[in-house]
Amino acid sequence: MARLDPKTPAGARDALRTMWTIRRFEEALEDLYSRGMLHGTNHLSIGQEAVAVGACGALEDGDLITSTHRGHGHSIAHGGDPMRMMAELLGRTDGYCRGRGGSMHIADVASGNLGANGIVAGSMTIAVGAALSMRMQGTDAVVVCFFGDGAANEGSFHEALNMAGVWDLPVLFLCENNQYGMSMAQDASTAGGSVAARGAAYGIEGVEVDGNDLDAVFTAVQAEVARIRAGGGPGLVEAITYRYRGHSKSDRNLYRTLDEIEEWRTERDPVDRFEAAAVDSGRLTVDEVDEVREEARAAIRDAVGRAVRSPEPDVSDLVDAAYAQVPEHGR
Amino acid sequence: MARLDPKTPAGARDALRTMWTIRRFEEALEDLYSRGMLHGTNHLSIGQEAVAVGACGALEDGDLITSTHRGHGHSIAHGGDPMRMMAELLGRTDGYCRGRGGSMHIADVASGNLGANGIVAGSMTIAVGAALSMRMQGTDAVVVCFFGDGAANEGSFHEALNMAGVWDLPVLFLCENNQYGMSMAQDASTAGGSVAARGAAYGIEGVEVDGNDLDAVFTAVQAEVARIRAGGGPGLVEAITYRYRGHSKSDRNLYRTLDEIEEWRTERDPVDRFEAAAVDSGRLTVDEVDEVREEARAAIRDAVGRAVRSPEPDVSDLVDAAYAQVPEHGR
Amino acid sequence: MSAETMSCAKALNAAMRVALTSDPATFLAGEDIAVYGGAFGVTEGLLADFGAERVRDTPISEDAIVGMAVGAAITGMRPLIEMQFADFVVNAMDPLVNQAAKLHFMYGGNVTVPLVLRLPGGGGTGAAQQHSQSLEAWFAHVPGLKVVAPSTPQDAHDLLLAAVNDPDPVVFVEHKLLYREEGPVTVRAALADVDGGLPGTAVRREGADLTIVAYSLTARKAEEAAEALAEDGIDATVLDLRSLRPLDLGPVIDAVTRTGRLLVAHEAPGPVGIGAEVVAGVVGSRAFDHLLSPPVRVTGGGTPMPYAPALERANIPQVEDIVAAARRLMAEDD
Amino acid sequence: MSAETMSCAKALNAAMRVALTSDPATFLAGEDIAVYGGAFGVTEGLLADFGAERVRDTPISEDAIVGMAVGAAITGMRPLIEMQFADFVVNAMDPLVNQAAKLHFMYGGNVTVPLVLRLPGGGGTGAAQQHSQSLEAWFAHVPGLKVVAPSTPQDAHDLLLAAVNDPDPVVFVEHKLLYREEGPVTVRAALADVDGGLPGTAVRREGADLTIVAYSLTARKAEEAAEALAEDGIDATVLDLRSLRPLDLGPVIDAVTRTGRLLVAHEAPGPVGIGAEVVAGVVGSRAFDHLLSPPVRVTGGGTPMPYAPALERANIPQVEDIVAAARRLMAEDD
């Protein structure tokens, strides 16, 4: 059974809380960054929350995900602990990677998050291997592989979809089409224009979905995951969404207009939309919505508070750390 | 105007002669190999002659080709001198690459053969660059990029078609689908099954053609090249054909039946078929066909005779040879 | 022309401007180099001045970007490619190593492959494992490739022009932390003004006690280290390799012959790095008889580049690491 | 079990059989390894005995092959991958270098990546530039990768099993000309029979006059060279590195301390090759004070590998090249 069912009041509440948790998490990062407490760069998923939450909500225990450089939302939606994520971003020992990996490398393999990845399309072939692994081990797990519209032009996309196709593997390729790579508009970078339509090249029927509509994402992914779990072979979903923030910290938004951003924020925000839909359909009351918002804010405040108290790693941490096992002669 | 028009008697004669030249060339290699005179390996294109000859015949002067590991036919069809090719295979100084490159690397850039390539799909992105180059230089040249069915599963295929697509480049991707990679049947390696159909992923309308029918290949390629030359953007043609010989010298044909091979040889041989068609349609007489065969045989006999007399390169040939220009401090 | 003060990023930008202006065969391509101006702003403003045909934003397709450049280079163009981060060149190793490096030789000397591939590398920006690598050792191992690594704005400018002029494929190693480093730059008027071929090792400082060899950002650190050592009365020669293939060892051998002591520093991992080649080259030369103590390497990369600032710092050779190693080296034979 | 005579190819095949039999988490994948039995026949017969699920023919997709292996390895499998020719690993550098090598460290030590990548490399088969490379230096430069290179059938067998047992990604370097070389092999009964971790440098011959260090096919040539030198009264120690990362320098340092002379030979290009690392490591050690003459490298790869037999031969170190270099080395300080 899916982890949450947004069509029920309890599921709607969970889904909304998770969306808000993601947004508050990202906002907390912006705040820490502006206060000089974060180093490196990071890629925020504000505006794309419904994809992560809708997709991960449709999974079952034991299912796996692979994520991207823009992976905070995936991690939280898959059940990641914001404190450990925040500690990772702060470079602390309580981080998921003990502070070694940072924003682009949060992973929790034990719980089925095979990891964010700093290489565009870098996790797509990894997802294929994980799917093969699950099948060879006799499980019925499905792997959801998140990737961006820009990633669809990497050779790895092609090889991954083809291999998954010929081996009929239980993997759902989930494109978060937020309209841009770093700066390149999707239609300027992508011949043919559609990622979903590329599925046909591999015998996969691609599905396009409104990525800012949580219910729609959930429904589409749930259907695909069920089909895949039943042995139907790989799937491809393209969720149309938008990122509000710059690609990363150095972005001056030269490639798009402020009007465009504003329109998405005011007209199609996934959190606003889901709140309205949940209230309209009677799944949540206005008070409940307010409560959930407050829960998310408190959770992130608490996570940040604990994360900043986590110790910094010591350089002794680096000794032999590149390997799981160093032979005697290598010391 | 196309270099040859197989619909005319003169063009038919040229086309047939070139097909026979290719076949005799490959047979001469088999002979030299069995006599221990050839080292390395080589990939024969016997059975696939109509693709090379039909496609290259449809080009105009100034058009370019990129070729593959199975490239002898492309080279001859594009006007390569069998003596210099043979000298290359024998590792002699008169070879196209002065004996340095061998079977998989015959190139004659000056005449528009940008080269065979030992890397599967390795020339596909090179073809894209050549097409861009031609356009930036203000020519109306078209680049024909030969590749195999197996190559269609490399990431380079995807990146090349996408880039050609978004930049609308004058390049025709021409798949020689001979049903197998080295041993893997095309349908086992290729999700979705069709290479031509993959064009749609890039906004390209793929064309499938009987690759053992020279007239059909010529017509399809001529139409595509004209469309591309007029600025219509990249094309994709899949020519269905078959290789009679093993993939290379070490092949024991474990992956296919002798019946299958036999059926293609006896029922669909491209040379037999073109001879019959040319005679049937009155383009050539039976005597002319015999003449042409003899011309090709003589040409190859002569090429081999001269090639074996070409000198071997001296090791002094290697000094500074990796670079076009070695700085003083590098000597 | 007289020198003006500018950053390495600006000096590179000015070089591209010179190339685009003086040779119609040149063009730029890379991810987000046009509209965005490059991830590090190095190509800023070039789209406006030279147009989208010659300053090309590409899809995220590193293999096709470099393969395309090879195809363009062998048919008369001079592509100047930016790999957004050096780390992504892993996706373009076939066109770079199997094609660009080999075609001139493989096709019998009948083609040249005049392409330049800029690789912004190095750590210190908190970008962690997959955005911080220094991969130049790989390319210096490959016959057919040339590899250069400037450390000053003037060298960045001149070496880039020399690389564009060069008929062979040149891997152009940049360190991200150099982009903002400033220095005097004489901007060349045309490509032809830099015509001496790719330059070799530069002497940054002369000293009698030991020879410190480095390149790219680490060459700047070596200079700083030498200043610190001078305060202790240790007088170091500092050499900046600039060209990693071919490697200009002559000045290194001369210096070690005089100083008797060799220290090589770089940010890339030690094993099978440029430092190993420098040490092996020097001890295999006439300098062997003049060596007073074992040559020393100070390198980074004990692990993949870590994220946490303290760990990252520890994984990169710092000025004080070079100073400490030099002191130990001097102490050894006292 | 008693030893039988078999080729390296058979010894590798037998090791895969042991691995597949004793650990259900192992599987093989690669281009044409199943039905065809591998381009060099190394995997022959395994499909018949272990089935298509565990002996997997793949599409021609090197990036996906290795990336798939990474994904399988971090989720409990132990993939054993054949790259059809070492040269094609250029298409899989991202999964190998940016993923496999880094994940254990990058994800905080919480995953292991137990994959083995077999790379049939080397020249001498007339396959020319793109099918003859020896690329091991690259991988030995990368923290997180292990690199081994056996030269005997027994080592081929044992190292492959040790590599499968190893929790880290292992690049397994094979030379195509070794496949038919025969020698005594004791076939292990189970993976667990090879449990000492990846072995280090082996002493192939002891001699007082000079130390010759090599690996893979060139180690065999070094042994032959030593026999030839013995006829001249030159008594060489021959060391076979076997592991290139980590590099087991202890035995090399010991031997050079005794012999005072070092010659390193390999087929890969000289610049920034394994030989440079060995020389730099030795001269940076206590052996420095015992060196009688400059260490010497005998390497290949002056150009991309040529096709014509005479050129190809000249581009690869031959027994006589090692002999000649050793003689010059001995003459130097006479």
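As written, the chains take the letters A, B, C and D, and residue 1 is the first residue of each chain.
Note that contacts are C-beta pairs under 8 Å (C-beta built on N, C-alpha and C of every residue); 3 or more make two chains touch, one makes a residue touch a chain.
Because the structure is a prediction, the values reported are computed rather than measured.
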| item | value |
| --- | --- |
| Relative to chain A, chain with the most remote C-alpha centre | B |
| Pair of chains joined by more contacts [C-beta pairs], A-C or B-C | B-C |
| Mean-CA-position distance for chain B and chain A (Å) | 45 |
| Distance from the mean Cα position of chain C to that of chain B, given in whole angstrom | 40 |
| Chain centre separation (chain B, chain D; CA means) in Å | 36 |
| Interface hub residues of chain C, defined as touching at least two other chains | 58-59, 61, 63-64, 87, 91, 94, 98, 101, 105-106, 128-130, 143-144, 247, 302-304, 306 |
| Numbers and ranges of chain A residues touching at least 2 other chains | 97, 99-101, 105, 117-119, 122, 153-156, 159, 162-163, 166, 188-190, 321-322 |
| Residue numbers on chain C that touch chain A, as the complex places them | 31-32, 35-37, 39, 41, 57-64, 87-88, 91, 125-131, 302-304, 306-311, 314-315 |
| List of chain D residues in touch with chain C within their complex | 87, 90-91, 93-94, 97-98, 101-102, 105-106, 128-130, 137-138, 140-144, 245, 247, 268-269, 271-277, 279-281, 283-285, 288, 291, 293-297, 301-304, 306 |
| Touching residues (chain side chain B, partner chain D) in the complex | 39-41, 88, 91-92, 97, 99-102, 104-105, 117-122, 150-151, 153-156, 181-184, 188-190, 250-251, 254-255, 312-315, 317-318, 321-322 |
| Residue ranges of chain B in contact with chain C within the complex | 64, 66, 95-101, 105, 107-110, 114-115, 117-119, 122, 124-134, 136-137, 155-156, 159-160, 162-163, 166, 321-330 |
| Chain B to chain A touching residues, read off their complex | 153-159, 161-166, 188-193, 197-198, 200-204 |
